[in-house]
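Next, two complexes with subunit A in common: one pairs it with subunit B, the other with subunit C.
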Partner chain A sequence: MSGVEGYMYPNEINLYWSVLIVLYPYITGLVAGAFILASLERVFNVTAVKPTYRLALLTALSFLIVAPLPLQFHLGHPERSPEMYFTPHSTSAMAMFGYVYLWYLMAVLTFEIWLDYRREIVLMSQKSKGLVRVIYKIMTLGSNNISERALHIDEKVSWIVTLVGIPSAFLLHGYVGFIFGSIKANPWWSSPLMPVVFIFSAMVSGIACVMVLYMAVTKLRGKTIDMKCVDTIAMYLFYTFIIDFSLEMLDLIHRIYEADESFRTLDFMVHTKLYFSQIVVQIIFGTLVPLLLLAITQLVKLPEIARKRMYAVAGALTLIGIFAMRWNVVIGGQLFSKSFLGYTTYKMSLVTKEGLLVAVGLTLLPLAILWVLVKLLPPWTDGHSAEGVAAD
Partner chain B sequence: MKITRRQMLVLLPAAAIAWEHVMAGTPEAAPNYTMSEHWWSMLIDIPKCIGCGNCVRACKEENDVPDGFFRTWVERYHVEDEDMTNPTVISPDGGKEGFPPVEKEDEGKYFFVPKLCNHCADSPCTQVCPVGATFVTPDGVVLVDQKYCLGCAYCVQACPYGCRYIHPQKEVADKCTLCYHRITKGLTTACCEACPTGARQLVDLKNPNDPIHEFLRTHAVQILKPQMATGAKVYYNGLDGSVR
Partner chain C sequence: MGVFKDAGHLFRFLAIFVFLFIAFWVIRGFVVPKSFGKYGHYRAASIDEIAAHPLHFAGHEACETCHVDVANVKKDGKHAHVNCEACHGALQKHAEDPASLTPTKPDTATLCVRCHEYSAARPKNFPQVHAAEHSTGLPCETCHQPHSPAMTSGGAK
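On to the complex of A and B.
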């Protein structure tokens, strides 16, 4: 049989979770990571990252809106997915997704963004005209009070929401890790470390994403990049990445040393079918190279232009590396037989419901949503805020 | 409590919707059959299996199993003396048309292992289903409500035995039903009926007269992957340690 080496149980030859299920943890990871970066400013008073606070929130929202779409495309019967809300199965980790998602979307992200932008939204609803005015009017949700006291209350509530948001972000992504980590039938997934690794890799990808976006968008807008801000973000990226990498290495060392019944099969898979995506892309180019670049920026005093370039390269490589990590978890977990006697091959289709084109479209969609959000709710702190637009 | 006509009008459709959910997951009604009186499983007598593939063909026919997917299949193991833990296994088209002649007759041992859903009492597939579309019946059979299944394939990932697949046309999870439509009418499964050597036998553990009780007392019987603690109920007689 084509693409099969050794023996696979006959129902295992086709992979059931495709590239879209790779995208799902990747996207939710970006959401969780971007939010945690935003919370640094709000809860931990890291004022240096303020220029990215609102951008991080809007990025998180854009990706969160898209997060359930890969799942919907993947389902055999997406029209039945509301059953997960109406008749959730209490013992299923996946059944909780709907609730965790809604909680995070409505009670955390949207609420926090609304509170943070409320003053600008009200001002815009008064100053703009036509359809734009209607949109802003709706966005005020009928709350037009922007007195000092009201804004002070907003500020307090927003702080609490962020505080609740941090464990929620951990929950959102740790839970995604649990979906994989709790499958005892699959030794590649089954690990209590999985949720923790997912959380830290989420933080790494989210921080890298916001850093790259901030630098790219600032350059496109013709403004100067706030180096103090980017330096701080890069520092957090570096330390989070070290924790993430250590956890992944701990998992690896544990597997190698324990060498249980699955080890020979998994080890062979990593050296053959997953060699490029795991060793080359994820570990070398997606982890060691960005870690090295970030380490250099921490240890050596470099000129601004060098730092910018190194951050951009490190950020982009990190994003590719974390994508490769999700790929290796999801696809790698299905390439070997649960009989430990053989391997299959993943053949990605191009234009089908779960094909490459849909995957590319779903990866780009959050950026389109972010573009709209940025137009509606400008996140800039360098004098081009919504208020500024209103005054123009 | 008094219910007004208006309240009644609201309650009736709500009750109808709720009833639909209650009924979802209830297996097809079979007259003269009491679920609580049975606890179904299967006995596979490995030394008796000749690898003819009758069971696989009968299952395909009876249950309209799509090509390339299997509710039951037969594996042929070749275990060499010096490498007990690394057998060579084949199952061409699930063993549907039998097996090619053996190549090294004198080296090691050859034997057939029929596989099917283990109808686990603590089934991981049932545990992970996000909507409860897959369930264990009171008489011990793991079934899928295909009108309710989302087709997420989480159960396929959770099954340690590779017994589930997503039906390519229906786009829902599919698997062995232990011929539930037959056994609730007093018949045996299609695979057991087609087996020429009696290597597969449907058993009812709640029936005190079932010969399985005597068999289990007098033979060294095992289940597949006991370390998975799934409460697998397909019992194998003469199972070699190399079988996964």
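On to the complex of A and C.
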């Protein structure tokens, strides 16, 4: 049989979890990471990253809206998915996660964004015309109260929401690691470190994503990039990345030292089938190179243009590296036989329901949603957004 | 009072929540089947629906009441614990009214290898052969009696 080496049980030959299941933790990771970056500003009062605060929230929202779609495509029958909410089973991690997702979408992100933008929304609803006005009117929920006191209350409530949001973000992504880490039949996945590694890699990818988005969008708008902001974000990226990398190394060392009965099989897999995606893409180009670039920017005083380029390259490589990490976890975990005697191959299809095109579409969809959100709720602090709100 | 006035918009947002929550329970009341959860995490009425499915298998006790000869041969052989219908297929109709359906004899060329062809996935102590080498093309039943297949020195067992 082509693509199969050694002995595979019949039900292991085809992979059931496709590239969409790779995308799913990737996207939820970006949500959690972007939100945690935003909460830094709020809860820890890091004013330097303020220019990205709103952008990070909107990024988190647009990715969160798309997060369940890969699962819908993978499972099919989207009309059945509400049953998970109507008749949840308490032993199903997925069902419990459904509620975390709704909670996070409604009570954390939407609420927080609404509170933060309320002043602008009210002003826009008075200024704009036509359909746009109706949209803003609906978003005001019929309250035009933007008195100082009201805004002060919003500020306080919003702080609490962020505080609640941080554990929610950890829960949201910790769960994704949990569903892999708790599969005890699969030695590639089964590890209590899995949720922790997932959370930190989520933070890394989310921070990198917002940094790259901010730089790219500012460039597109023809504005100047706030270097103090990007420097700070890059510093956070560097530190979280170091923690993330250490955790993954800890996991690796633990596996090597433990060397249980699966070790030789997995080790062989990493040196053959997963060599490119794990060693080359994930570890060398997706981790070591960006870490090195970020370390240089931390140690050496470089001119602005050099820093910008290095941040952009490091950010893009990080995003690719974290994607490769998800790939290696999801796909890697299905390439070997439970008999430890054989390996199979993942053949990605192109135009099927779970093919490459759908995956690319689902990756671009959040950016489209973000574009609409940015139009509707401009997140800029550099004067551009004030244009619509200048009246006050 | 002032606090409530200036926090009024928050209550509007809360109202959306409450509305969605109530809507959820109302919809849930309509879409979740009435008998769901009566015995466990499933629709209790499904038991009756499943019970109403037509039967396909009769069970070996049924066969043995009429085919006593086969049952006697089989009960001392190595296939004692292999169910009649595992080889003969579902025969409820035949068991109810033998005249209505005369079962065809199973084709041993495909039947026996289904369980006995060598495969690493089978337990090591399960009897397995590489059929092509083992039988050299002869039908299995030239040497093995299907109902008592072992060939010890004392003849068919």
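Note that the second predicted complex is superposed on the first by the 384 of 392 C-alpha atoms of A that agree within 3 Å, B and C clash if a C-alpha of one lies under 4 Å from a C-alpha of the other, contacts with A are read in each partner's own complex, and residues count from 1 in each chain.
Criterion: a residue touches a chain if its C-beta (ideal position, glycine included) is under 8 Å from a C-beta of that chain, and two chains touch if they have at least 3 such contacts.
Worth saying up front: this structure is predicted, and the values here are computed from it rather than measured.
Once the two complexes are overlaid through subunit A, subunit B and subunit C clash, as defined at the top of the document.
Once the two complexes are laid over each other on the shared chain, residue contacts for A:111 go to subunit C alone; subunit B is not touched. In the superposition on chain A, contact is made by A:340 with subunit B only, not with subunit C. In the superposition on chain A, A:87 contacts both subunit B and subunit C.
Subunit A has more of its residues touched by B than by the other of subunit B and subunit C. By the document's definition of touching, of the two partners only subunit C reaches A:150; subunit B does not.
Within the superposed three-chain model, A:12 lies in touch with subunit B and out of touch with subunit C [touch as defined at top]. In the overlay built on the shared chain, the residue A:141 is in contact with subunit C alone; subunit B does not reach it. Of the two partner chains, neither subunit B nor subunit C is touched by A:163. In the three-chain superposition model, subunit A touches both subunit B and subunit C at residues 7, 9-10, 86-87, 89, 339, 341. Interface residues of subunit C, counted against subunit A in their complex, comprise 2-3, 5-10, 12-13, 16-17, 20, 24, 27-28, 31-32, 36-37, 41, 120-121. Every residue of subunit A that touches subunit C in the complex is listed here, in rising order: 7, 9-10, 82, 85-87, 89, 106-107, 111, 114, 118, 140-143, 145, 147, 149-150, 153-154, 157, 339, 341. Of all residues in subunit A, only 7-14, 16-17, 71, 74-78, 80-81, 83-84, 86-89, 91-95, 97, 179, 183-186, 333-334, 337-341 touch subunit B in the complex they form. For subunit B in complex with subunit A, the touching residues are 21, 24, 68-70, 73, 75, 87-91, 93-94, 115, 124, 126-132, 148-154, 156-166, 170-172, 228, 244.
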